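Working notes, structure below.
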Amino acid sequence: MPMNYQQILNEIYEEIQPELLRGKVADYIPALAEVEKGQFAMTVTLADGTVYSVGDSKKAFSIQSISKVFTFTLALDIYSKELYKRVGVEPSGNPFNSLVQLEYENGIPRNPFINAGAITITDSLISYYKDEYKTLEVIMNFIREISGNPTLSFDQVVANSEMEHGDRNLALARLMKSFGNFENDVLGSVMTYFKHCAITMNTEELSRSMLFLAFGGTDPISGKVFVSTRKAKRINAVMLTCGHYDASGEFAFHVGLPAKSGVGGGIAAVVPGVMSIAVWSPALNKYGNSHSGTLALEKFTTKTGLSIF
Amino acid sequence: MPMNYQQILNEIYEEIQPELLRGKVADYIPALAEVEKGQFAMTVTLADGTVYSVGDSKKAFSIQSISKVFTFTLALDIYSKELYKRVGVEPSGNPFNSLVQLEYENGIPRNPFINAGAITITDSLISYYKDEYKTLEVIMNFIREISGNPTLSFDQVVANSEMEHGDRNLALARLMKSFGNFENDVLGSVMTYFKHCAITMNTEELSRSMLFLAFGGTDPISGKVFVSTRKAKRINAVMLTCGHYDASGEFAFHVGLPAKSGVGGGIAAVVPGVMSIAVWSPALNKYGNSHSGTLALEKFTTKTGLSIF
Amino acid sequence: MPMNYQQILNEIYEEIQPELLRGKVADYIPALAEVEKGQFAMTVTLADGTVYSVGDSKKAFSIQSISKVFTFTLALDIYSKELYKRVGVEPSGNPFNSLVQLEYENGIPRNPFINAGAITITDSLISYYKDEYKTLEVIMNFIREISGNPTLSFDQVVANSEMEHGDRNLALARLMKSFGNFENDVLGSVMTYFKHCAITMNTEELSRSMLFLAFGGTDPISGKVFVSTRKAKRINAVMLTCGHYDASGEFAFHVGLPAKSGVGGGIAAVVPGVMSIAVWSPALNKYGNSHSGTLALEKFTTKTGLSIF
Amino acid sequence: MPMNYQQILNEIYEEIQPELLRGKVADYIPALAEVEKGQFAMTVTLADGTVYSVGDSKKAFSIQSISKVFTFTLALDIYSKELYKRVGVEPSGNPFNSLVQLEYENGIPRNPFINAGAITITDSLISYYKDEYKTLEVIMNFIREISGNPTLSFDQVVANSEMEHGDRNLALARLMKSFGNFENDVLGSVMTYFKHCAITMNTEELSRSMLFLAFGGTDPISGKVFVSTRKAKRINAVMLTCGHYDASGEFAFHVGLPAKSGVGGGIAAVVPGVMSIAVWSPALNKYGNSHSGTLALEKFTTKTGLSIF
């Protein structure tokens, strides 16, 4: 008998209510600080396109670092192994924006999901597409395609606000440039990075976007191959070991799924061979991951037994 | 049609031959430095007890850090969540014996598989069993039971040699003691740790020992419950994120299985719900993991598609 | 009987000849890399204006980090104790351009002579003089006055070349800005810093420039007070503890004088109450200090007994 | 006209009264925690043996880290340059007991005044004198001779208490041993170190003990040469750059004298060619240096103009 996912989501929705005001919304930029606590949405998408949702699943939020999964996918598809000259695949063991490790390791970021790594990935895409606007268009079109929403866009106010408070990310980029691991204009590349982080999606779109990673790189609905199976598995492995900043180990430990979180409160996860999941709740725990989103996913794998372990 | 595991192992055995002399045997103590390169063994154990092996699968080797999986299992079973006051579950992002991180993080080791973490786990077992000899006996008897070999023992020469070269591990223990995270005699606890690291097993025994972790904490052959399913999944998660020192991300990336390596050249892995695997080849790569053992596991998941991702 | 300084300089000049080709010229920018090894000059200036020189004492060189003494003097005169909110007075214990320490210490540079500290000093002067061009003019005019050469200038080619290779210094400034310890435009402030580092002087001018610091802040020839005695002593103390990057302890140990070096091969020193000294020889030791310049000063304090210890 | 040192000490004594209860007494071991705040003593000793004192100058206190000056003197006399293979002369830029730097720098302590450096110095003396008891006797006899008090001793209660809380120092020694920079029994060497740190002296004895360092290594009263002038100057240089843990720069900046502090509240200083000074007041500032002792010395150099800068 197949599991009743809708009922499981409903249970989680009810159980999670007392948690929704816990944690605090990202407040380093005004545009994010204004988002109201207490919101929650969760969507599950199966191979045949069946969708189960609870909560505000049509409400768009800033996907932030979740966008790093999509830029990593594009760059890995283009560069294959060559990419690892510029970025590693090891957990960082340090807060997500630390310059310390980057300096000790000669400007090669630990993995594509810490800020330095994601910025270098964006820089590598600009090198390939020759132009930051063309690059942004490629990224946007890719996400529009996998999400099934051809009108997806990014929030210019958020992107500008990030740049206004972007000194640390600019310092990371400058430091990489000083080590020879940066190829394009620092301001332009970091702005492109901020733009793709400012993309807004709802959980239905986000869950749909991750489906190809749950199915070996091929969208099970359209049959379209986005990356090879080998690369899809590797993207999932990096999500598992590095997807949640300095709490990646704890996430693997409690949830047990490859997933990527963003400071907008979203988390996108995959159950390989089974489904993709997106959850959103804006209040964050001390590691910068959605407090209720993490709990909801833990409840989901406990109730369904769908952890990869 | 079920996969022909024996044939897959045979293929791997043949393909791996040119690699067997690559890397170098652990040489920080004479007893390990004497082990000859070029040796290789691999064993797969299924739920019904079927065993497939190639190579020197009856030849015992020093399991070293793989023993940390078993002491972690015992301690987690005893202390549950209390254990996390003394040791974390995050990847370390630093070489496996670094004091730096331990000092910055106030004497709480990052995870139970770095040396500091494993020593604190052994110390916690001594606190529980009151006595270091009793503790060693409990550890030995547990491993004898799960391996199916009631005569398993440890190599006293290796343990003594470790102690002679044990200054760094003693420094780790002293540092934890200075932070209040050490409860028993430093020399006695570290010696107990060296003894369980000096346990010798062959790949058939090691593979058999891991079977309960592949099946949610319950041995599928005897039906005996060793730990709860929840705890077994968590042990697997920690193996995935922290099982290979500073190359855990790469191992997850290339192999995609929860596994733990030791400097004796062994690697023990699980495919949740399917099987346990042990591989041994003494020459190590630059991260201290078996060079050919890692490659053999990568070949295995590629050929079988049995990665968790 | 007064010492015969000319004879001592002549002896040093002779003894130092076999050392002049040792070490290597700074090569991180072409303009400095072109300077020929083997050159040497040394000048002593007494309170009454008597000057003793050997070698190429009329040949101008890039004073580089020695300029930090003069900007620190100007900033300390303006801000007094307020300055220590932005920069410390402790030795750094790390290579001179490390971001690590700056990050751990929340964007407050350890001292005014590491790059981050000197850049923040320049930034503080721009805040005071409202404008980077006005600031540069004030710095230039101050150095023209104390050196007695009203036509001193900086080398625009060197300054531009520094900016082209200036990513690490820009990263330092960005990082300080992210911590709120930077007030003006990053590019403009760093460019002003590069310009004052690119000032060219010969040893006679440089020695003359330091005379006020040997005499409690007052030029003993003109009687003009440049800083208070208290501040002059403190500038000397910081030169002693922090004047030579990661080799400040060794310099104090071997030479025993407050002094500041630059990667152009110059070193400016004071013997409090007695004299100022400048030495120049472009080949650097592994710490980035003039190899022969350091040796010449060691010989000087050995021959004269004029160490402060 | 010679300065009236007694009057200056009297002034300082009066001015310092409101400060005496500021700061906190070292409390990491009971024996030190019991010392009453509010006590103060200061003694100046001139070349001809004239002594000026105020306060409790006959009251003995635990000299603690000040003893490191005397063991460094003995070791430098024995080993000369060979000593620098085991310990550096650079300021540490980190709290005085940090393992981090020691690990990054391969077990070679930054300087002889951080704990690791002083322990390695004691270890080097034991290697020379073959025996820890003989070594302790040599150290005691040396300090008895330079202090003029043949009955000086150490406080066994303090030494034992240090050992009971000595895990961090034992960790430092173990770490150095793991890098090959430790030659004798770890427990025995560290115990010898704790014993010489537990020596008790009053300010008159301590001031007298430092006189040879103020006069180029030769006691100006007896004419006895304890170390060469060259070595005495170097010891003074290391006191200036490294004598006050993480506040050495600030001490040089505010006081401007070579000096060494201890957590017992003592500070010993020299004015080269002029005098030695000892001050004691047990309440410490946040860096572990005597709060009132530091202030008293600052007042002294301000009133007398006797800073070396």
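So that you can tell them apart, the chains are marked A, B, C and D in the order they are listed, and the count of residues begins at 1 in each.
Here, contacts are C-beta pairs under 8 Å (C-beta built on N, C-alpha and C of every residue); 3 or more make two chains touch, one makes a residue touch a chain.
Please read these numbers as outputs of a predicted model, since none were measured by experiment.
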item: Farthest-lying chain, centroid of Cα atoms versus that of subunit D; value: A
item: Fitted rotation between subunit A and its twin subunit D in degrees, CA, nearest 5; value: 180
item: For subunit A paired with subunit D, centre-to-centre distance based on mean C-alpha positions, whole Å; value: 56
item: Chain centre separation in whole Å, for subunit C relative to subunit A (CA means); value: 48
item: Mean-CA-position distance for subunit B and subunit A (Å); value: 32
item: Numbers and ranges of subunit C residues touching at least 2 other chains; value: none
item: In contact (per the touch rule at the top): chain pairs; value: A-B, A-C, B-D, C-D
item: Contact set on subunit A toward subunit B in their complex; value: 88-94, 101, 110-111, 230, 232-234, 236-238, 240-242, 246-250, 252-254, 256, 258, 272, 302, 307-309
item: Subunit C to subunit A touching residues, read off their complex; value: 98-100, 103-104, 167-168, 170-172, 174-175, 177-178
